[in-house]
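Both complexes shown next keep chain A, but they swap its partner, so chain B is in the first and chain C is in the second.
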Partner chain A sequence: MYQYDKYDQKMVDARVEEFRDQANRRIAGEMTEDQFKPLRLKNGLYLQLHAYMLRVAIPYGTLNSRQMRMLATIARKYDRGYAHFTTRQNIQYNWIKLEQAADILADLATVEMHAIQTSGESIRNVSSDQYAGATADEIVDPRPYAELIRQATSFHPEFSYMPRKFKIAVIASDEDRAAMRLHDLGFKLVRNDKGELGFEVYVGGGMGRTPFVSPLIRDFLPVEHMFSYTEAVLRVWNRWARRDNIHKQRIKILVHQWGAEKMKERIEAEWQEILPNASDIPHKELERIATYFEGPAFDDNAAEDIDLSDPDFKIWVDQNVKPHKHPGYAIANISLKPAEGIPGDASADQIDLMADLAEQYSFDELRVTHAQNIVFAHVKKSDLYALWQKLDAAGLAPANLDLISDIIACPGLDYCSLANARSIPVAQKIAERFSDAEGQRDLGELKLKISGCINACGHHHSGHIGILGVDRKGTENYQLLLGGSGAEDASLGKITGPGFDEDGIVDAVETTVSKYKELREDGERFLDTYRRVGMAPFKEALYD
Partner chain B sequence: MKILTGNDLKTGEVIWWTGSDWSRHIEDAVDVGENFEALLHQEEAARRVNTPYAIDGEVTEDGPRPAHIKDRVRALGPTVRPDLTLKPADPEAGNWII
Partner chain C sequence: MTDILRYRDDDAPMEPVVTISSFADQSNSSAVLIEAGDDVRELLPHLDRLKLAVIDFPRFRDGRGYSSARILREAGYKGEIRAIGDVLVDQIWHMRRCGFDSFAPNSPLDQKVVEESLNRYEHVYQPAADNAVPIWKLRHG
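Up next, the complex of A and B:
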């Protein structure tokens, strides 16, 4: 994985001291909150319901064991012994003190981490495929390109005061595991007829209060032009976006207003203006970055067979373990969705354990997924049983990947100042209702996603079943959506009708699932059945 | 009743105006009536509280209760982590916010 050079480290260290000075001045009363707020947000420090919250960037969700251990240390030393993995492959701490925030950033800097551009109107952490470099279905590892765009856009002066936040995803497989088309800018690595490497470029996706699946803007962009084209997209948006209404300033609104064709014309025209300036990153730099992602030294003699005689282990392998590109290896998914747990939360001890196990079994590397789980990308098949036993002993082996209890949920009203309703208790009640392991597996892939407000951090628009918490005259109410997907068949869920109270939404999910079981044909997932039969039968079951 | 609340500047903790100081406990909150603007400015200037504001509340047998659920969650703590609320020994405390 990427390692800082002296410039990276110097920049991050300098930023820590700059923020320390800013925080001290705020505490000393030399700055008002209005003056300080944009500065703290540029360093990932929010003020939430109960305390300050710090969001730490995990670039494209990849980190090593040393970094993971530091995340555990911070949870113990400065927070309350746990942390929350987010739907953008980052991590959040809920109980931060302003007077300690700079010390945390200093500790993070010692392991090449920071919280820069995890908030505010900036280019946020670049997302990618959690199976990058391990899955057989990718054209190349997308992470060097994600890293290149991260470097090129970090501290970029032209993109410091943008209309709103901006999210980029880079993938390299037909199977989209990063919700690429729900980002402001999506890159999919492809090869053209000549075998040359390039990108399909998608612009204007997003969730929030006005969700859109991004249209294809360019079907082949040579890889060497990744940054100049990004620059063109950002410039067009920066120049033409509204700045009078915070809810209408994302690039998706501009794409929606103009249509994909006009957006494409403007971007292409801007790009032609930029190209002679040679702003693209030299190929040598991409090669330098790529050396950090060459992959571990796999054992060519690793055994293929897995002893599946332990039935519980077999269930975990069947559900949570995915094929690896190298013989004798597998991709192991660690679900952070235990029964009665909080989606995405992990204790400091669990974080430490995952760091230790990754060092022992997965070449010292971990991935965070947008579904709030952890991935060990390179595990020898012969090590899977030992790994599973250690995970299971620590409550880290729920065998529910992509099942109904593998719920994505934002922190909701239990933690978030923007939320209108609690997400986590609803997730817990649904998980409890469907706790029968065999019953869950019988339902098959069913992605349930819950947001506590219209900002959609819980990705409810892209849930096969989505739930949106709203404020209805001062009480929590929940709308049900069906038919969304964040995968390669991206689509937005539709609201079924009037909302439900907290217990009612759990019943509504059960009714919906029962109707699916009644209607499904052989091999159909919930989403397939919904797309075949439409909303009507579900609506009838829910409201008649 | 009107209640003043905000977050402690240094620690970020939720705090409530007691009439003479700030407390972490909603039970200590007092009704400040309608003329609280000067008090808000005074306390913010004193750097004891970050962005204080007034909320509606009601008097109950158990003490002041914020009118809005969001402020009740602020007053108690996360309902999904009873151990981290201000009433960790009371497993039913979460019902207070509903």
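Up next, the complex of A and C:
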């Protein structure tokens, strides 16, 4: 994986000192909270219900064991002994003191980590495929491109006071594991008929209160123009987006307002203006970055067979282990979704353990997924059993990847000042209701996603089943959505009808799932059945 | 008028400032006011007589002016670009990189904090309207 050189390190160190100075000026009263807010947000520091929350960037979700251990150390030293992995492959801490924030950033900088541009109206951490470099279905590893664009968009002078936040995803497979088309800017690596590498470019996706699946804006952008094209997209949006209503300032709104065709014309025209100024980064820099992602030295004699005689282990392998491009290896998913837990949470001890195990079994590398789980991308098949035993002993082996209890949920009203309703207790009640392991597996892939308000941090729009918490006359109410997807078949869920109370929504999910079991045909996932039969039968079961 | 912080050696232009739409019609004007929603490209045919471009920031969070400045520099404009309005000390570094070379904010800037912030980052990751050499270029010579 990527390693800082002296330049990267200097940038991060300078940022720590800049933030320390800004925080001190705020504490001394030389700056108003209104003036400080965008500055602290550019460093991932939010003010929540009970304390500050710090979001730390994990670029494209990849980190090493040393970095992972630092995340555990920070949880112990500055927080309450746990942390929360997020839907954008980052990690956040919920109980931070402003006075200590600069010290945390300094600790992070010692392991090549930071919180730069993890919140506020900035170009956020770039997301990518958690199976990058390990899966057979990718054209190339997308992460060197993600790293290139991470650097080029860090401290970008022109785009530091943009209309809103801006999220970029880079993938290289037909199967979209990064919800690419729900990002402001999506790059999909493809080859043209001459075999040259380029991107399909998608602009204007997003969740939030007005969700959109992004349209294709360019079907082939030569890779060497990734940065200048990104600048063109950003400049068109920065100049022409609304600035009078914070809820209508994301690029998706401008794309919707103009239509994809006009957006494309404007971006292409701006790109032609920018091109002569040669902001693009030369290929040798991409090559330099790519050497860090060449992949570990796989053992060509690694055994293919897995001893599946332990039935619990077999269940975990069947559900959580995915094929690897190299013979004798596998991709192991660690679910952070135990039935009684909080989706995406991990204790400092669990984080340390995962660091140790990744060092021992997966070439010292971990990945965070947008579904708030952890991936060991390169595990020898012969090591899987030992790995599973150690994970299981620490409560890290739920065999529920992509099943109904593998729930994405935002922190909700338990932490967040924006939330209207709690997400975590609903997730826990649903996980409990469907805790029967065999029953879950029988339901097959079923992505359930919960947001505690319309800002949609829990991705409810893209859940096969989505739940949206709202405040209805002072009580928490939950709306049910069906038919969303964040994958290559991206779609937005539709609301079934009137909402439910906390227990009612759990019953409603069960009713929906029972209806699916009744209607499904051979091999159909919930989403397939829904797309075939439509909303009506589910609505009837729920409301009549 | 507040103090002007300038990063130029020439004398500050004293000409009266007119709006973009009047600038095109008034062949004797040489100073223009660019407001946040203006299309700065309307000025490009007239750059030969432009000496001072004043870019207004109605709120510090409104970043349209950064693009306006950079577009002027990309078009080869060498005259003064002045930021006025709600301009804060923590923005000066980025504004300098976008081509601003004078500042007349609503509230005076603490010169010491300005200098500290301008010297804080030794390097930059991307080219802009200034002379800073991007890190990728330093890496490859």
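Operating definition for what follows: the second predicted complex is superposed on the first by the 544 of 544 C-alpha atoms of A that agree within 3 Å, B and C clash if a C-alpha of one lies under 4 Å from a C-alpha of the other, contacts with A are read in each partner's own complex, and residues count from 1 in each chain.
Just so it is clear, contacts are C-beta pairs under 8 Å (C-beta built on N, C-alpha and C of every residue); 3 or more make two chains touch, one makes a residue touch a chain.
Only a predicted model underlies this, so the values are computations on that prediction, with no experimental measurement involved.
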Tell me which partner A:Val533 touches in the superposition: chain B (first), chain C (second), both or neither. neither
Name the contact category of A:Glu285: first (chain B only), second (chain C only), both, or neither. second
Between chain B (first) and chain C (second), which does A:Tyr415 come into contact with in this model arrangement: first, second, both, or neither? first
Quick check on the superposed pair: does A:Gly29 touch chain B, chain C, both, or neither? Answer first, second, both or neither. first
Of the two partner chains, chain B (first) and chain C (second), which one does A:Asn277 touch, if any: first, second, both, or neither? second
With the two complexes superposed on chain A, say which partner A:Leu216 touches: chain B (first), chain C (second), both, or neither. neither
Which touches a greater number of chain A residues, chain B or chain C? C
Where chain A meets both chain C and chain B, residue numbers: none
Sites on chain A touched by chain C in the complex: 5, 7-8, 10-11, 14, 17-18, 21-22, 25, 35, 38-39, 121, 151-163, 227, 235, 238-239, 243, 273-274, 277-279, 281-282, 284-285, 288
Chain B contact footprint on chain A (complex, rising order): 26-29, 33, 47, 49-52, 80, 94-99, 342, 413-415, 417, 419, 422, 424-425, 428, 471, 474-476
Chain C residues touching chain A in their complex are 36, 39, 60-64, 66-68, 70-71, 74, 88, 90-91, 93-95, 97-98, 113, 116-117, 120-128, 134-136, 138-140
Would you tell me which residues of chain B are touching chain A in their complex? 7, 9-14, 44-45, 47, 50-51, 67-70, 73-74, 77-81, 84
